[in-house]
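Each remark here refers to the structure printed beneath this line.
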Amino acid sequence: MIYLTRRFDFAASHRLFNPEFSDELNWEIFRDCNNPNGHGHNYELEVTIAGEADPKTGMLINILLLDEIVREQLIRHVDHKNLNIDVDFLQDIIPTAENICVVFWKQLAQHIPAPHQLYRLRLQESKNNFAEYYGPVQISKN
Amino acid sequence: MIYLTRRFDFAASHRLFNPEFSDELNWEIFRDCNNPNGHGHNYELEVTIAGEADPKTGMLINILLLDEIVREQLIRHVDHKNLNIDVDFLQDIIPTAENICVVFWKQLAQHIPAPHQLYRLRLQESKNNFAEYYGPVQISKN
Amino acid sequence: MIYLTRRFDFAASHRLFNPEFSDELNWEIFRDCNNPNGHGHNYELEVTIAGEADPKTGMLINILLLDEIVREQLIRHVDHKNLNIDVDFLQDIIPTAENICVVFWKQLAQHIPAPHQLYRLRLQESKNNFAEYYGPVQISKN
Amino acid sequence: MIYLTRRFDFAASHRLFNPEFSDELNWEIFRDCNNPNGHGHNYELEVTIAGEADPKTGMLINILLLDEIVREQLIRHVDHKNLNIDVDFLQDIIPTAENICVVFWKQLAQHIPAPHQLYRLRLQESKNNFAEYYGPVQISKN
Amino acid sequence: MIYLTRRFDFAASHRLFNPEFSDELNWEIFRDCNNPNGHGHNYELEVTIAGEADPKTGMLINILLLDEIVREQLIRHVDHKNLNIDVDFLQDIIPTAENICVVFWKQLAQHIPAPHQLYRLRLQESKNNFAEYYGPVQISKN
Amino acid sequence: MIYLTRRFDFAASHRLFNPEFSDELNWEIFRDCNNPNGHGHNYELEVTIAGEADPKTGMLINILLLDEIVREQLIRHVDHKNLNIDVDFLQDIIPTAENICVVFWKQLAQHIPAPHQLYRLRLQESKNNFAEYYGPVQISKN
């Protein structure tokens, strides 16, 4: 088993709040991230695929194909967008890095062509924090 | 003359558009940056001060003081904010990196205590682009 | 299970030596790191927490709370300090990245509020080396 | 169990092609990477060792020794080289990041002195892609 | 006057040698960079434009236009290429970072639409070295 | 005129204080940097040389030669050292980034072989601050 990772960038805005909470509670929990007019980030997404390298090409998966899948399923929906408003598959979730990772997995995993498997998503929101998700049923290494 | 630079981070959202333009023209010029619901960035601001090091302290300017000034005059107004809506001194300008740099200069330069002078502002919007401004009347090096 | 990582910086000095060794042996083993007057680093510490995102907040753990815990238990003790002299919980250990990681774990793990768990500490000492520790009893992924 | 990682840089050129394929098929699969006169990268190699810290030194493995082994077994063979032509142990393989990782493992793993073990190789080819390999039989964490 | 910089990446191979020198002299001067089969780098090119922001758009120059010009005039000729063989405008020069910078300037400067001016090219060849060129006749700041 | 920059790393400890000040005043001015037992940094030094590329080699200055000069005159004196105690040419100065830059210039400038000239030193002390010095008499660009 070998692991291949591609990195993607997108710039997006978001606001953290739970519509069921009072304004006070939203502020207490989310602080600056609760600013009503939102704020934003340069997000970095790492997509890691696990599998065997094809002996005829030396490649786990063709990078051009992987890029096309990730751009089609994820990046074009979120780049230069407002994550609370503009993205179908992020409706009704609070767009924390943790939640975005899990939703991205649901969107992407089924589109990775067998026998390869999505192994990890890593979403970096700022220099100082990132979330990682290995899926609902994890592949054991090797 | 020696130059001292401090780096500051802030996360903000913005939308690029000119209210005097038609929607079509706004789209044609600003493309993705014109998305009506905005998008965002992790901005990096570098503030460069020019002057002589104080022989008693070896410091051009006390970094703690400089940090306090920049946070008070700039960062607290823009961090986790929407640059089109939330920031008094950015009203009525299109919040491109170029424009933000010039406005930040106007806000900050007067607060740098003499004999030090603001020498340069550098605002990085994403991995691939940044603006630099040396003020309306530039200090010649040395 | 999802993983959330926060990054912290601290600047510290240290000297590597074993008081039971002769000067010659200390030099032979630790070389430049054995300089009697010490040297220093900008350390980067990554703290990774494992758990489930709270459905009401979308957060694994409130970042403000995590920051407070890590600053209180670790960073305030080591930032702008001499690791051989100034830090209670580093007395009697040789302050290599490996040893610091294990000691930091002991200091921090018990303060992470259940049901979350400390999953990994990663301590980067310089561009070219870092240590990682997953604790005395590791959480299996998922 | 603790993990210690050292990072190494090398600059090399390569060309991706399978001599059994037609020119058309090579182009279709490898695209720009198939340019007949090659291209190149600044590669970053991370070597991770797993083991226990020696209580007398606080070190998992002496970094000076590890550096010497990795330079002798890997870096001196590939730095400022053409990976298709100049490297004995890369003959007859297509020099993708995936393949290089597996070959590097075979070259290096046997030279790591017991009781330490090679745990992971990570080869970064560009800002946006890297391969990781944990060996043919993986060490379980802890 | 404000300065806007865009960053571009390209991966290329090269070999440093002077065909008028003996093999011995080429080796003595260029060392590893003289390896007959070449080596390569991930180059980073920064293109800085000087001018005034357009009051109607807040932009010095439309980034989309600048990207198109730089890709058309420079990047498509050098990305995934061998700089000694594949690039028309690099024939008959030794492809050091210094020389490439000067040649890139000649290729690019004339294509920057007035009233904007090319102000600086910065070419980073590796983590540890880069060249900068401000053109044959330099614009004075302000 | 073209500019070539090389980057060097060194790890050192220091303490900021003025022996003529009281303990209280030293603390008030230097705060954490005044810790009696010191702290440290991974310093990054950029050395920029100005001149013309030699038409026979395409090089401003041979990088191997420049590296040797900078290591001999600067790096070997400060790497893995205590800047207050171990370095002859830093005696009697307060080792701020500003002061170190000026002292490094005095040590290095005379050793750059004519017709090349030292153009700039940039010393980065941490992610968030760096000093730059262009010498007592500056070369005008071009």
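When the chains are written out, they are named A, B, C, D, E and F in that same order, and each has its own residue count from 1.
Here is the rule we go by: a residue touches a chain if its C-beta (ideal position, glycine included) is under 8 Å from a C-beta of that chain, and two chains touch if they have at least 3 such contacts.
In this text the structure is predicted, and so the values were computed from the model without any measurement.
Chemist: List every chain that touches both chain A and chain B.
Modeler: Touches both chain A and chain B: nothing.
Chemist: Which chains, if any, touch chain C and chain F both?
Modeler: none
Chemist: Go ahead and note the Å separation of the Cα centroids belonging to chain B and chain F.
Modeler: That pair's centroid distance is 28 Å.
Chemist: How many angstrom between the C-alpha centroids of chain F and chain D?
Modeler: Chain centroid spacing, chain D to chain F, equals 34 Å.
Chemist: How far is the middle of chain C from the middle of chain E, if each middle is the mean of its Cα atoms, in Å?
Modeler: Roughly 42 Å, centre to centre.
Chemist: What are the residues of chain A that contact at least two other chains?
Modeler: Correct list: 127.
Chemist: Which of the chains touch, listed as pairs?
Modeler: The complete list of chain pairs in contact reads A-B, A-C, A-D, B-E, B-F, C-D, C-F, D-E, E-F.
Chemist: Within the complex, which stretch of chain D touches chain C?
Modeler: 1-8, 48, 53, 56-60, 62-64, 141-142
Chemist: For a test of understanding, state which residues of chain C touch chain F in their complex under the given definition.
Modeler: Counting only chain C, the residues touching chain F are 9, 11-14, 32-33, 35, 37-42, 79-82, 85-86, 126-127.
Chemist: Would you pull the chain B residues touching chain E in the complex into a rising list?
Modeler: Going through chain B, the ones touching chain E are 16, 18, 20-21, 29-31, 93-99, 101-102, 127-134, 136-138.
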